[in-house]
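The chains carry the letters A, B, C and D, assigned in the order they are written, with residues numbered from 1 in each.
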Amino acid sequence: MATALLLAHGPVRPRLAASLTDFVYQRGGKIVYHEQHVDHESSLYFTRLEWDLAEFRVPLDDLDRVFGEAVGREAGLRWRIHLTGRPQRIAVFVSRLPHCLYDIAARCQSGEWPAEIALVVGNHPDLEPVAGTFGIGFLHTPVRPATKQEDERRQLAALRERGVELVVLARYMQVLSAGFIAEYPDAIINIHHAFLPAFPGAKPYHAARKRGVKIVGATSHYVTADLDEGPIIDQDVIRVGHQHTTEDLVRMGRDLERIVLARAVWMHLQRKVIVHEGRTVIFG
Amino acid sequence: MATALLLAHGPVRPRLAASLTDFVYQRGGKIVYHEQHVDHESSLYFTRLEWDLAEFRVPLDDLDRVFGEAVGREAGLRWRIHLTGRPQRIAVFVSRLPHCLYDIAARCQSGEWPAEIALVVGNHPDLEPVAGTFGIGFLHTPVRPATKQEDERRQLAALRERGVELVVLARYMQVLSAGFIAEYPDAIINIHHAFLPAFPGAKPYHAARKRGVKIVGATSHYVTADLDEGPIIDQDVIRVGHQHTTEDLVRMGRDLERIVLARAVWMHLQRKVIVHEGRTVIFG
Amino acid sequence: MATALLLAHGPVRPRLAASLTDFVYQRGGKIVYHEQHVDHESSLYFTRLEWDLAEFRVPLDDLDRVFGEAVGREAGLRWRIHLTGRPQRIAVFVSRLPHCLYDIAARCQSGEWPAEIALVVGNHPDLEPVAGTFGIGFLHTPVRPATKQEDERRQLAALRERGVELVVLARYMQVLSAGFIAEYPDAIINIHHAFLPAFPGAKPYHAARKRGVKIVGATSHYVTADLDEGPIIDQDVIRVGHQHTTEDLVRMGRDLERIVLARAVWMHLQRKVIVHEGRTVIFG
Amino acid sequence: MATALLLAHGPVRPRLAASLTDFVYQRGGKIVYHEQHVDHESSLYFTRLEWDLAEFRVPLDDLDRVFGEAVGREAGLRWRIHLTGRPQRIAVFVSRLPHCLYDIAARCQSGEWPAEIALVVGNHPDLEPVAGTFGIGFLHTPVRPATKQEDERRQLAALRERGVELVVLARYMQVLSAGFIAEYPDAIINIHHAFLPAFPGAKPYHAARKRGVKIVGATSHYVTADLDEGPIIDQDVIRVGHQHTTEDLVRMGRDLERIVLARAVWMHLQRKVIVHEGRTVIFG
């Protein structure tokens, strides 16, 4: 079933929901999902509306314009319309730690996710064999201070060439430039190996062990120009104790990182995330 | 059953455990619990040893000295020996929020805890009726800048007079002076309504809502001169989402605070906590 | 602010949501909350709609009839309309364990909940002093086989006399008769001290210890004629290990029971629960 | 560092711990880890003792006999001594679902685990390509009623030939015969996709959805002749709600299954599990 999927948000208004569903019904669409959220503190309405395109009478190329004229503009909405039904194309950026890459590659190869890895990019060559295991191309860009600008140019060219829509930083130990980030707004997902805002920056497991915390966490978030400050998509934690060494935390943390990153990418692929003022609204 | 309970830690040595258990056996004690932990990173040995006093042949007044001479000093241990069997005496410090006070009072009154509240101290008079509900005395000390020194003197005098061994800060919105803290080393427990080290300081739920976190937490810790930096005893978290207002977080957080504070006090009352270099070792 | 609160569910229909909000707007009501859920497996629509009554032009005594004629009947809905703004009246049924009673009494007395305990009913007299601590009346009904019918008659008479709307079984170790349950449909909440459907029946902590589980739980549910089979409102769990005795499980479980029961009662008091075919839909 | 690792349990006796550590010290061994647990309900002592073999003066072939004569037999212990330092050999049994196989293969290939997959066995041929991705041999044995006996004979022959020490049932939808299980006592680990003892048997996610539970789980356990009754190694859960379809539960459950199975295999590989009377003791 081919469907269209609207993500939108704007000020609360009487009959706004009805005008959205009417837009679909009156043009022959059949609604499959309609999720809504009202933030009563800010009087904002958020929605995710999916409809069957089988008898829908608007040409898809024209859909965004038609929706804007019929509803979106007058209602003061910000929106995006996605068409479902083909695999989304992901680039996975890595350094030396393979666990998140393995996890993502398995989910794509097995068909668990409606996505395919178009390219693995590494600032070290170590994980080229892992990409090879899954038959995926690998681009090595050292990203040293002297080469960073040129390396990012090469990375972006490779992403464009392969039609990449989503960049996943799978324990990629480099900071992207603001210019790179601007090319993929709300479409770069990072996994931070701590429970943000606790322990931002490097070596969070060492810091957690030193502080004697009883719980450690991981955080997946969209990447923005402010390091470790992007909108949080998911977080999770595990209990730890005095008996765990730093090495134990690192090991136990790997499973958290895998899961918390995978959940965030899944939600993004399902178009279930809306970003608003540095926070996320996540549907169902 | 009257028991003695040794909490000790020191450098790992061959046959250290045996010398501890021999100390007890050779003097007629019967071991009830023996918990041990070795921190292999620092080569430190931690233990909690409890024995039946029924046929133990060391006068209790002399026990600390005898243990020191027989084992403790030569082994380079730091230790404390507690006698169990009588209720411990707690002071609960409060401001205006009653939920933790209710929770502690119920656990003491019902006999769930081997403890009794000797006194409730408030910097506001609001919770005097709650103390009254449980038949507990209430001391009102406003703790304004001009009166703080005198107020703390009155508080300490009242604690001494009532034989208080443990101070619980049950959402007490005041900072204790270093002098006060020195009177109760490793015997003042605070509940912080956030997942430390994330969101230290005031209004953590507001900060958490603003940052858009997907999990909020609470932390119980011993109070040291560094605010919100004391050794963590317990932490716990709950999942939250975009649908939760700040008011929801405050409400959901109350249950976390109750539980995380109660668990910490329980562990302290059971003599299951050893503090070492700003961290805690917690037995079973 | 006085509000009305509609809980309704029925088959999905185009423009159903709009007909509900129109019903309110056209009669001068101002919508405060509107939560909706669509079960796509059964094509059922569930909603919770709350509106300000300040300028609402339907007499409250007539509200149910007017809604039914205007929307409810034609739409094939099942619905209930509640008026908010006055404390709901609860009866707490107990046996010998006090922890849930203390917890509920504290939440009512402190104003955390918009509710008051109208009566405590016990099949043992043990907790009469706890009720007394909070100034609540206590009815002792032994509920022995020979007296059960008469005891339930006395219980129901006392509930009616005091206007009780919700019955909370706070570790009440007796089975209510089908006749009693029929008097309070979807308005009797029980806490079962296990993770249903695991370990139904008596002594679940002993069974859990024997089976060697690594997690124990608690379950709050509406009471139906099938014991331990009623619609689940909330569940939660804690990790346990080989080091925990049955007594430890009982102790740790008490905190779970308190919280899981309190969350269920809160959700019920907030009118956030709809029961449908043995399951619950719970709004935010 | 080559080490020996003793897992032992038996009745509590004075100086038992000292006799174990003396056994090692007196023969030139250096203790690396010593974990102990006393079950006070049954008066049983459990221990895991690991020591450096560099200067240990007992021939390894003779170690089991020497330990038995020096300590084990007289102390009434049951014990096993493992030598560490070489990868353990695993067979993974599968049906059609690939997620656990991918997860285990990634952990072995990346060196996260001190183990290698010697063979994948499938009762369907579907996952042969996944085994191929990782360069692992695949044995297809249909295990139909008529062929089961012969198929198990072939499976066991293949396991023996490849020196398999641990069998992992990674969503293998077949019941092993008692004869097969007897060949690998406490060395076959299964993942059950529910929170045992809730929802044993087939289709637990469907049953969970039908019952309206608010939490679903997964359980890893050693396989014994009683289906779904073997000693539990680990369990974990996730919260679910009315908004989740059965398909959602299946999807969310996959991540639980991966993690809970991986944790159990890790603990087994680390020799951290002792089975006693249908339960497990798990060290640190």
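We adopt the following convention: contacts are C-beta pairs under 8 Å (C-beta built on N, C-alpha and C of every residue); 3 or more make two chains touch, one makes a residue touch a chain.
Treat the numbers as computed from the prediction; the structure is a model and nothing was measured.
Novice: Out of curiosity, which chains are bumping into both chain A and chain D?
Specialist: Common contact partners of chain A and chain D, which must touch each of the two, are B, C.
Novice: So chain B and chain C: same face meeting same face, with over half the numbers shared, or different?
Specialist: Mostly the same residues.
Novice: Going by the touch criterion at the top, tell me which pair is linked by more C-beta contacts: B-D or A-B.
Specialist: Looking at contacts between chains, A-B has the larger number.
Novice: What rotation angle, rounded to the nearest 5 degrees, superposes the C-alpha atoms of chain A onto those of its identical copy chain C?
Specialist: Roughly 180 degrees of rotation.
Novice: Of the other chains, whose C-alpha centre is the longest way from the centre of chain A?
Specialist: Comparing chain centres, B lies farthest from chain A.
Novice: Distance from the CA centroid of chain B to that of chain D, rounded to the nearest Å?
Specialist: The mean C-alpha positions of chain B and chain D differ by 38 Å.
Novice: Measuring from the mean C-alpha position of chain B to the mean C-alpha position of chain C, what distance in angstrom results?
Specialist: 35
Novice: At what distance in angstrom does the C-alpha mean of chain B lie from that of chain A?
Specialist: Averaging C-alpha atoms per chain gives centres 42 Å apart.
Novice: Please output the residue numbers of chain A that touch at least 2 other chains, ranges allowed.
Specialist: 40, 243
Novice: Taking the touch rule as given, give the residues of chain C at its contact with chain B in the complex, in rising order.
Specialist: 98-99, 102-103, 106, 109-110, 112, 130, 133-134, 243-244, 251, 254-255, 259, 262-263, 284
Novice: Could you pull out which chain B residues touch chain A in their complex?
Specialist: For chain B paired with chain A, touching residues are 37, 39-41, 195-199, 211-215, 217, 231-237, 241-243, 245-246, 278-282.
Novice: Which stretch or stretches of chain B touch chain D in the complex?
Specialist: My answer: residues 14-15, 17-18, 21-22, 25, 32-34, 36, 38, 40, 239.
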